[in-house]
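Written below as structure tokens is the structure these notes are about.
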């Protein structure tokens, strides 16, 4: 009996929380189907009188979304993959290898997180321009190939893998390199999946940077397309939300697909101990 | 591969030394067991041989080569860890195949080999499970298979059979012995089971408190314990130990007076207390009183009182009544005297060490 | 606490059943050992008693109370896990104190008690270490201390001594037995060491392939094995097993013809092969040839050839030459016949089960 | 880099004129069309426009490009950045093209363009920018409310205050402002007697007319006859809900208002009423500047394009397709444009206001000053800071800003 | 080896592993950071041509005497103290709940992650509605408890609270995911041992989950502290590009942004960045020190 109430209580809390979490998402969907006057109705309405699916069609006409989409996919994939690679290597060094200056280097890297990104835009633009990378895919990708947050996250997980597993791998003839790719990475796949999702989303939603380092439509990504609905005269929320929905749906699908890996991990066996 | 330790010491934390200046040589192609009380440093010794742990001081040689500075990868030993250390994310089959994969053995071949080893240790019906859903003994057997898969030139086994039942244990130790003899791989085997050590090994090293107590064959260990610790540690039931003062003059005629003076403790194996005179083998006679008489399976233990001290013998066949007087014949083999430091000064074969 | 299983079955994955309709009762205040080959379901059984695992079907009772639906917290048992499961972040002392802390024992008292237990298991010099820097045996001892700290009314021990050396093992098992008898706590003890089981327990339950093979006292198990599995599983060295066909007519006069017809396998304990006639106890006489004669410590094993089959005896004192002919006297106690299904149909005490 | 390299283009290929802007959506489309027209109207130059997102992104991008020597030829920007750009030697004065040379603006042109646009293009005696996307403040009124309570369209601000008193009883505000009323404030101050900052520049923030203007607005607000949009930012929504009879907002908001207002609502626009017998309405929006880093050829082409944008025909076209105001009078007088205004009556007020339009005087440190001005307005509204105290302190701060930037 | 000391060789090897990351980080993080650090000492400076005509501490002196900067520091600290503990506690609680349900667990996990992907415009709009003084959802709920309508976004007293609530909410999804990963990496056997030892759910949580989850908690809180110190986007979204009513949401980064991009005071902006950096560093080093003793890997 007690157990049952506990379960019910859990669901009640989760459902209440879910409503709060869902609200903006539902708002987005609902607005994307409204007429313009409905979007600014006070108090707000949740269910539009007529579902304006045409908003989606109209929204997609406003900008070259297909091109943007392809760019987004390309940039996101390369950025995420590259960043994972550099981060896995660095996290391994920080978690497993002994070297001079380890702690200092760690703090320095940590320090790079402490500077607001707003300060880095201009100097990095200058650097890229000196490297003749402005207005190329390189500019969209290269600066984001390292993320200390990812390194930090992976380090925390790598460090939780028992030493014994490392020893066993050594005995089995695995060099550090093999240990990393055949043991550590598969064992940490839930964390890696999680950081992948976070990075993909970060890269997918990046707005300011792609705008600043590119000058041609051909290189721009989806979030830039959302600009089409905002102007001096105000914002066309219905179309904006339709386009936003179009932009985030791939991320939702990706998450739904990957979330079971985040949870599965090594499940019952666990890492700790 | 011959393994030599030269003055090897180890301390984990830099302050408390766990192993003190170990010196030994394990001859090529032999199987050596390491015996010793829990916490004496057996696993630590193996870890140093494998290269997972660097000695604080001293040198380790494989053959003539000084490997002290080499890491585990270079030393290429095989090892079963005391806690198995299976890869939690790999299935049983993949766990066994892992060293083969690292050695770049072709896929088909490694599979075949792994399945053969899995059969050997009777886990061939568990190949698709992850270690987390194996029983303790099954995990241990997978660890053995994994270590054997590598075909190393030096095999280190840290209590590899501790979670197996008696039957399987015997079967496994025989398999290990067979493989060891067939391939001639130098093998070091940590066990807490003396019987196992006696049956399987060419030599036994007994460690205590980070020091080697004796390193010799199984028989020598039993017949010629170099000190009181060994005498007490080896043998089941445990040797009877009483103070020299507890004897009246039963020994005076039979042991050199000089030695008797230095002696502190007397050790008498339970089977060295016979109920009949064995002639030449009898050293002295004592009189005891029966306290209890017990029978477990094939074993019969009689607990006796000798000058107020307990003595145990296993050599009495007939059922005895409590309180009954009993003359006993002390056998030469199985009777030892130890000095103040515990060193054996009488009994056993004095030449053998 | 009396523990009763009623038709308890278990399957981990919902398809392969690990335990099949177990039925047994463990009387209050007794110490019961569970013996069985690796992977037979011993740990699984303990997990179900503790409430960590729910049976797929069937019911579990503590006394009269059906606890099937209760979780581990409500059942309040003490347990030593096969893999110890010490808290990696807590020091040894805190690990031992943990159950006391949960029971809200005042701080000073729990400390005192924990230190007492640490002394009992000889880890009192390791109190400030984390489990990660303990040796295997030390970890195991901490786990024992932790389980004892709780003073539960039901104590479950899953191979609690597997990583201890022989001396310590005996000491620990005696301590456990002492505590068990003093406090009267019902104790279930999984071990793979028969000797341990024989010495420590009031009753022994032998499991195989998820079924109970026999549940009786140690002697009964040895003297009256209910089937061939038990006869082979219990006893060291293992019982000699040969086919009935290998006998010519040595048995015809001594065993009922009816029984002989049904018999399939013959089991003869090594000590039931005497080199001299013991009179009334002798059942039959056979003639064998010596193959090898070995001596380990106190043990002397002679391997003999009987109609081309191997027989082992431990009862020969004198050293024998290879190939020598030897008449042997089959003793009544230690001679069994088993039928097609492996059930004992001759030998032992037929009334005892 | 798209400036220096491109300038050496082969003679038969048109010179590329890069043009950065912050126009989006329909505005971007309208702009593209005009650029296409320009490109096909001649063969010497080719304008390539890039939308750089919103104005924030555009500003950051210009800063980054300036730092790395990769500025475009021309860019959209607010005229208030001109002092800073010019001080940093980034932009080219336009006098050589606009007032001299073969392609200069005729004096008729100069007269035709609304003076307020021209005056704000001028900094320290030189033209640095040309007007481009401009809007003015206009008054929105709710005809239904006026009818219901028998009110007339106001001719003076005092009328609005009075109407407010009437409506207050019915839970309706007289006037609605956007989140900040700084634009109306500056208009009132000018009508009362002085600009907030003179061309010199000299701050008049605690001058009597300024205080009068601020008090006038704050009194309405305290009196609950007027209200600011606050968290909604624009009063548009509240206006469409009938929360106020009037709303002083941007003419650029008309499009939005049309889209959002319920069909049943009767509303209109008119120029802001007069105060103190004068009329003034603040102009907002963006200009186009030319960067120094471009080649002579590009600059020439850029000027040609700027001139093209200001031509009567194009500015009318631009105004029609975007709702921004036309830049010259003549553009409003064509029949075509008149027809447009009859079809779109809401847009008429903006055009009618242009004669009375003004723009704040830009000076070095303007954006800092503007931040402070907004903070001051905010302080009066959210912290109830007394008008006099707030403006006196703004005066001190502004004087310091002016001094520091000398 | 287990007890190996660093050597030149091992350092060289580690460098190889770190190299890709190092190259990128040095070019795109460390180099610009150093540049802006140096810039904070430029007192007369032509930004575009990179000509420095005077160095000094004036920028810092300015900051220490600028009341706006004081407000920014105060607000930033309030924000960090408000956001970090709440984020850690709430996301951990939700992760625990999500970890304990089986039915519809995938759906719930997705729902709780959605705010992280949803467009910021939608988020800002919804929160504007929630916080609206007249018809807002929050006031509607509060009215049940007899609380009078609060104009959350217009009142200097409540604006910071509104900002904190929204920020906590916005960062939840992300931290929940990290906690879920951490929870799943804890071996079941410690819970079994704890149950046997008589630990109820709460005690299992405090004695097993909390210590064994500490690496992730450490990660989340360090990241939370750093992220909160740098708060900016949320303010922009919630207060329509203003620093809140009466500067009640003016934070250091907002201040920096304003100085840099709207006022073109690069030296002062850089100096405020340096101050921010050292503030974060101080807290983070404290966290690192604390973690040495309380984080169990």
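By written order: A, B, C, D and E. Residues from 1 in each chain.
Heads up, the rule we're going with is that contacts are C-beta pairs under 8 Å (C-beta built on N, C-alpha and C of every residue); 3 or more make two chains touch, one makes a residue touch a chain.
Per UniProt, the chains are A = ABC-type maltose transport system, permease component; B, C = ABC-type sugar transport system, ATPase component; E = ABC-type sugar transport system, permease component.
On a predicted model such as this, the values are computed, not experimentally measured, just so you know.
Within the contact network of the assembly, the step distance from chain A to chain D comes to 1.
Chains joined by the most contact pairs: A-E. With chains reduced to the mean position of their C-alpha atoms, the one farthest from chain B is D. Computed from the mean C-alpha positions, the centre of chain C lies at a distance of 93 Å from the centre of chain D.
Mean C-alpha positions place chain B and chain C at a centre distance of 23 Å. Each chain gets a centre from the mean of its Cα atoms; for chain A and chain E, those two points are 16 Å apart. Under the contact definition stated at the top, the residues of chain E that touch 2 or more other chains are 2, 4, 189-190, 212, 261. Touching two or more other chains at once are residues 83, 85, 88 of chain C. Among the residues of chain D, those touching two or more other chains are numbered 60, 63, 67.
On the side of chain A, the complex with chain E involves touching residues 7, 10-11, 13-14, 17-18, 20-25, 27-28, 31, 42-44, 85-87, 89-90, 92-93, 97-102, 105, 107-120, 123-124, 127, 142-143, 145-146, 148-149, 151-153, 156-157, 159-160, 163, 167, 176, 190-191, 194, 197-198, 201, 205, 226, 235, 237, 240-241, 244, 247-248, 251-252, 255-256, 259-260, 262-273.
Residues of chain E that touch chain C in their complex: 189-190, 192-200, 203, 207-208, 211-212, 296. Residues of chain C that touch chain E in their complex: 50-52, 71-73, 76-79, 81, 83, 85-90, 98-99, 102-103, 146-147, 150.
Across the complex, chain D meets chain A through its residues 1-2, 18, 23-28, 50-54, 57, 60-61, 63-65, 67-70, 133, 135, 234, 236-238, 240-241, 250, 252-256, 259-262, 285, 323.
Residues 36-37, 39-40, 42, 62, 121-122, 125-126, 129-130, 134, 207-208, 211-212, 215-217, 224, 227-234, 236 of chain A are the ones that touch chain D when the two sit in their complex.
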